[in-house]
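Note that the chains are named A, B, C and D in the order they appear, and that numbering of residues resets to 1 at the start of each chain.
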Amino acid sequence: MRSRATVPAWVVRLYGRWRKKRTAWFATGICVAVAVLICAPLLMIPGGSLMDGAEMRQILSPILGDGRGFAAWHLIPVYPTIGHFYRLLIESPAFYQLFWNTVGMTAAILLGQLVVGLPSAWAFAAFRFRGRDFLFGLYVVLMLLPFQVMLLPQYIVLQKLHLYNHPAAVILPAVFSTFPVFIMYRGFTQIDAEILEAARLDGAGELQIFFRIGLPLGRMGIQAAMVLSFLEYWNLVEQPMAFLEEQATWPLSLYLPQITISQAGFAFAVAVMVLIPALFVFALGQDALEEGIAYIGVKG
Amino acid sequence: MDSKKKIWRGFALFMAAMLVMTYVSRMVYVSRMPRVKWSNPTSASIRNKITAEGTVEAVNAQAVIGLDGLLVEKVCVAAGDRMEAGTVLYEVNMEDMLAQLAELSAQEEAWQKQELAKRREAATNTTRAQEDYDTNVTELDRRIAEETKKLEELMEDLDTHMFRIPEEDASDEIWIAWADERLRFDREIAEKGRLIEDIQLEKDKILRQADRNIEDARRAQSAAESGLELGASGVSQVRERQERIALLTELSENEGKVSAESAGDVLEVMMQSGMRMGADAVLRYADDKGSRTFRTVITQEQKPLVHTGDVVQLTFPGSAEEVSETIDSIVQESGGYTVTIRLEPGVAQGRTEGVMELNSTSEIYDFVVPAKALHNDGGNAVYVLEEKEGILGTELSVRSMTVRLLDKNEDYAAVADELLSGDIKVVTECDRELENGMAVKLWD
Amino acid sequence: MFLLPGFSGVMVFYLLPFLEVVRRSFLKSGNSAFVGIENYRTVWGNGAFVLAVRNTFLYMAVGVPLLMGISLILSLLLRNLLLRRRLVSAMLLPMAVPAAVMVLTLQILIDRQGVINGVLTKVSEQMAALPAFAAIDYLNTEWALVVVVCSFLWKNTGYMVILWLAGLAALPKEVEEAAQVDGANRWQNWHYIIRPGLSGSFFTVGMLSVLQIFKSYREVWMVAGSYPQEHIYFLQHLLQNWYLKLEFDRMAALTVIMSLVLLIVCLLLQKRLE
Amino acid sequence: MKKKVRVLLFIMVCVMCAAFSGCGGSQEEEIPMGRYADREVKLPPGTFDYMHPCPDGSYYLYGLDTELTYVDAQGGSKAKDRGWEKNANIHVKYEVGVADNGAAVFAYAPRFWNDEELEARWLSGDICYLYFYVDEKGEKHALEPHGEGYQKGTNLNTFAFSPEGELYAASDHAVYRVNVETGEVESLFATEKQVKSMVFMGDVMLAADDGKAYFYDRAEGKLLDGNGALDVFLSSHSSGGLVMALGDRENEQILYMGCRTGLYRYIWGGSVIEQIADGQMTALGDTQRSPRALQVLDNGAFRVMFSGNYMVEMYYDETLPARPAKELTVYSLEENGWIRYAGQLFQKEHPDVLVRYETGMDGDNAVSREDALRNLNTRLLAGDVPDVIVMDQMDIEQYADKGVLRELDGILQPYLDDGILYQNIVEGMRMTEKNKIYSVPMMVYLPLWLGEKMYLDGEDSLEDIVAGMEKARQKHPEGAILYTLYPKDVLLQTMPVCLPAWTGEDGSLDVEKLTAYYQAVRRMWEIDCAGFDDAGREAWQKNNMEWYAPEDMDMADIGFNFQYAAQQNFGETWLQLGFLMTPQVGMTGIHVTKANMAADWQEKELEDTVTYDAYTGQAGNVYWARTIVGLCEQGKEPKLAEEYMNLLLSDPMMRKWWLDKPRNHSGLTIRKDSLGDILDIDNIEFGQTMGFKDPTGVNHPNFWPTEEEKQWLYQMMEDASCCYRPGTMLEECAMEVGVRVLEGELTPEEGAKEVERKMAIAMEE
């Protein structure tokens, strides 16, 4: 440090800023590149949603079983059409029915997970009780179990509870999923145990500690859990397929028929409409949660 | 912070738009739904009116036989023509005919002469026999009368002699003489009687002989007159010739024109001018006095409505005549079913075409729907209204239901199927084409 | 007390069903006769099981570290950027695409006559220097696993970045700043400050990566069917196929084995990392 | 803290366990006992449609063509001559009203008019029906309604005699009192619709139409206030017929009403209508019949007369459960109209059983076959087992092995003994391992080729078809030989007749045969491709794309459909391989093809040279099983399931073969007599619409198979013994690899190896 004393302070500052900036640019560059790479295949979706059937069939004919040439893709359709959107948005009331089903289902699940999962996660993080590790391990294993395995026993449970073919058959198991617990737990463990001890010593009640310390400090974990849960349940396929018989209660993810090339354009249009709320949620979710949790923290 | 607000606003807008669009799309969806009216199938009968055009045909045709050996000069009618009694059918060649007539007349004359001679001779023989007979009988009758007179005289003498009977006391001689006398008388009387008997016998004999002679002569005469000796064929030949002569004569008087004998419809003409006719039919016609049949072809659809024994109305174009007849037979033929109706004699004279009309009320069917409700789905089918579970909840939708068609008229159709019931809602009217499974709404 | 409501639900919807699975693993499917460990023996001696385990292990061995590494690097790069949220959102997008559409997209891209082969062929034609390119049938050759791993990375990077970021955010900023002031270089910064702070997150992300590996099955199945190329025949294909063949007994046994392994690994890792 | 948690945990577990088991128990609810049941009443000889109940429990029976018959309370019957049969041939009797003493009034509609005067009056609208009155002694006189308030020609449709013997009648807009001697009609009150029934309660007459009840005071001669409850009831329960009768129970006047939905009672003057018997569980719910009259008996029972010579007595049975506990569940992977129809029919025959028809996948959503199967398996494993499963596209061996399916030998044996079913086809379904039959196809397809004789003479194995194609290629160097657009099509057309030959007795794959198959189809595809250059092929595909979109097509739709393909394409293609999917239309295809050729392409000589026959491929005598039905071992209603199976195998059901699919691809029935009937079926019954339109728009009548063709078809049915079922794993595999083979990516040998490898994994599982 001293050896550099000769260098004027502003040079140091400037250099520091430059270095910082360079790092930032560099990092930004890489990240943007990766993001673009990730999003590139998705660029096919808006293009595809505006492409008419004939064009689609023509450029994809090699895939259809014609042994020659290679498929191509037009990011910007040569013969764009809004036919698919028209069909989807104007002519398909079923789409909206399922859209609201999905919205409702996802909202219910997320809310339920907050209510149920948060305390559980807090319990694992803030208290040390016997069997905690094992129990937590069990949670993780239960989280990891493939759905095929749980299908049959869950079906039996739901039937006994008379929930089969009711939206709750999807919502309830999802609410009690161990997955958000697992993620939120991570958020909470990063809180220093000393802080909690200090609070307890100060005579704060457990609830007070939970709301005033736990929530604000674990907010990143909560936020992550919610965003990931949203992703998980926004496109939930297998559970509703297995537990909901009545089509009127289905979520949007079951709307798309078995995709065939002639349906592709329509499918892309649906995908666009499915993606839009997701984009909003991404954009808003992070901040909203931060704010909301901070608010609870203050109040509590 | 500002941008976040914007995003919030955007999100809210998006959701609002989705909400609005939810309604819009529902409205669009509903407005595109076919509207339908429905009714339950009812139990009813079906009144049917079937009209079919057909042809009138004669049951058995009459023939005009050609004049054998004559040349047709001109044919005056054609098939399908109407003929009345006296209508000229054809003309024969006069020249040819007259030549034939002349020849025949000559033959006849010769034959007549020959015949006359024969007859005269026979008549003479008869007269002679009669005369012989007459003379013999007269002679014998005279002799009989003579002998009978003699016999009567003898009888008188005997009577007289009997009065001269001697006294009882007369002498024997007297008595003997008287007795002898009396015996003589007896003998003579018996002799005379025998004589008369003989003459009588002879007369009978002669008479029989004479009769036989007369008979023979008469037979010969009548044979001569009747020409019996020509034999059967000979007679018919002569007759034929005479008839032909008469015919030809008449024909020649008619200037060779042959006319119809009765009214009817010409069915077929089998001669041409210049043809020499044989003894075959040269023309066939339906006599007005014969009966006719009406024949028509009905379609498969009409078939179930028409039965043998049904009463139908027949009308014939261009005539006010309308008759009720019963159907005699229905036969399946290529392309349909031929209905035959035998008409009463005299009905449909001169008609070749007609229209059959059948009004029938069917039995009462269990399920009758408006005919509009039927549609074709690889068979007859109706659309029935059902509730269907779908993504949009419970909707009204139509399902195509195949049915058997029992009967049908323009407005109603009787249908049957195991699944039909009075509760089923059959779509009777819709404002656009329906498809199986389509969601629909009710007409207000 | 905090745990109770959640645990009761877990109990009903997960633990009890799981116990049912355990129970059934000792019964014969169909007539429910008790057969002891027969099912386990069947599973153990099954050729398909060996293949599936090997493949699944390989998939995890390649997929999990790659995913964790890439996402960690990305999140480290991202964490102080202004564009952070946008970029994370962008990276998350593949998760939000409906599976059916994603599969369609994949098919268009990686079919033997798909877009990728098309582009590569064109490039190799244009540049004479490169060796001639023969179209690869990605799904029917050894490439299948590569494809699966790539699509797995593609889909899940954003997901893991989120988790890493959450972990990173919980690190006390002051310590790091202090260290920076102290002139610690990046490596030191990472080694002494970030890495220990993230050890818990390692566990989380690791477990979730495994979870995502299991979840990626549906897409693999949709692209390649029930009997895919033998390199991408995973445990879940086996599970699914058994299910379709009504072999629930074997399935249950396999599940129990799997969960035991997972539980042990999980407990060990937990101990080690916390 | 720790302790607390532990205790709480323990309690929780206990509570949950209790709740869990409690839930299980609560499912079996008690079903209350006691409901109305019915038994049929034996009627005297004759065909009766109507009944007139008398207060003493006796009743009169009559039909539209059957004389009035009196049945006394003890059941003795006596015919009463009312002289109405005699007119039945020329007149149709429409309405009859009978009085308690046997007097009757009836309305005739003329079938044919014999009387000109009457006809003229009828045409002028002066009269419509003719009415007659017969008094109790049998003296009959014509009745001509007239009088003030009666418009001539109005039909009197409903008659009722009051207890005093007055005659009331109703038209579609009014109710009248009729003097039976003079025919004088007095209009009493107007109604909105046709009054369908009238009952008398002292001085009050209740007349009911389909939406309103009218109360008329006969003494005062005025209409009383209506009853809203009754009106609502009438408007919602009248469809299918509604009958009413008054009863006197426990000193209350009760109006009983019977209709499709059940038997109801209404206490006179009240506002509550109460159901006392459910239509679904009694004869009232029979939708084939409509109730015509109701009689209230003193012992608490009811008599109900139905249309169609059917009468039941409904009595209260305390031993019966109040609602049906029976439910028959039928499951199929895909919607099948034929099965659905059978379910509806079964429901009609068994009103007390609820038939549920469930389908695993219904088209337009993301549920794939595997998903649907998974859901089905979940149900099976959870014990929620359907009674009947349609096994199309399912692995029958697997389900039979796992004890899901019930063996059917017992059910099928009588059919086989009597030679009703094609034994060879049923036997083709026998599982070799257990030597039992677990499922039976209701319909089959048979393979068929169509082409010029010179291409295929006599033999038609796979190699012969290749050779035939080569010959055809020589004659027609340009264009397609088979109707194939893509490699997949060649496989689709040939695989069904080869696939069964690939698996040996022990279930192992015969790689040699598979290799041979791949070689053959590859050759076929090459020959087919040789007729096009690239542009030509593209054009050919494009031309056919409009109606042919392979990725959208059901496996069973196109390419196989012999008739369709033959009709559409012959002449553009020269050898047609496909499946005979319907009895007559399939045969029609051949005729049509010939006719088309003769008419359109002026190829007259072709007409004689074109021929068709079965093709054997590698397996020989293949039939394609469809609508394969199996019963579940653990179904809840094994008896009903058996009955259902018998219904499916019955002749009337088989004759409805075309219901199987929206398009008529449903197959040839395995019941011999039904197949014969279908071939002989009268056009009229079938709907007269089965002709076709040729490309020029000319309508052709239908061609029905000739006797010779029928015999040929029967013979083919007799020979078919090798079952092909689509949707097996091997097929999927061979198809996928086959496409790669045809595209030249793999050699046939490699292809076969690849299939073997994939199958090895499946076998291992």
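Operating definition for what follows: a contact is a pair of C-beta atoms (placed from the backbone, for glycine too) under 8 Å apart; a residue touches a chain by one contact, two chains touch by 3 or more.
All of these numbers come straight from a predicted model, not from anything done at the bench.
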Check your understanding: Taking contacts as defined above, which has more of them, B-D or A-C?
Key -> A-C
**Study point:** Centroid spacing, where centroids are CA-atom means, of chain B and chain C in whole angstrom
**Key:** 102
Review point. Taking each chain's centre as the mean of its CA atoms, how far is chain B from chain D in angstrom?
Key: 55
Revision key, fill the gap. Separation of the C-alpha centres, chain A versus chain C, in whole Å, is 16
Review point. Using CA atom averages as chain centres, what separation in Å is found between chain C and chain D?
Key: 50
Exercise for review: Mind pulling the residue numbers of chain A that touch at least two other chains?
Suggested key: 67-68, 127, 148, 151-152, 156-157, 161, 237-238, 247, 250, 253, 255-256, 258, 283, 287
Study note, to complete from the structure: Contacts with two or more other chains occur in chain D at residues 5, 20, 366, 374, 381
Practice item. By the touch definition up top, name every chain pair that qualifies. Key: A-B, A-C, A-D, B-D, C-D
Practice item. Spell out the part of chain A that touches chain C in their complex, as residue ranges. Key: 1, 24, 27-28, 30-32, 34-36, 38-39, 41-42, 44-45, 60, 62-63, 67-73, 115-117, 119-120, 122-124, 126-127, 133-134, 136-146, 148-154, 156-157, 161, 172-173, 175-179, 181-183, 186-187, 189-191, 206, 210, 217-218, 220-221, 223-224, 227-228, 231, 234-235, 237-238, 252-253, 256, 258-259, 264, 267-268, 270-271, 274-275, 278-279, 282-283, 286-287
Review point. For chain B, which residues count as touching chain A in their complex?
Key: 4, 7-8, 10-11, 14-15, 18, 21-22, 24-26, 28-29, 32, 389-393
Revision key, fill the gap. Within their complex, chain A touches chain B through residues 89-100, 246-248, 250, 255, 276-277, 280, 283-284, 287
Check your understanding: For chain B, which residues count as touching chain D in their complex?
Key -> 40, 43, 45, 300-301, 303-304, 311, 359-361, 363-364, 366, 376, 378-380, 402, 404-405, 418-424, 436
**Study point:** Residues on chain C engaged by chain D in the complex (per definition of touch)
**Key:** 1, 3-4, 7-8, 11-12, 16, 29-31, 46-48, 51, 100, 112, 137, 140, 221, 225-227, 230, 233, 238, 240-248
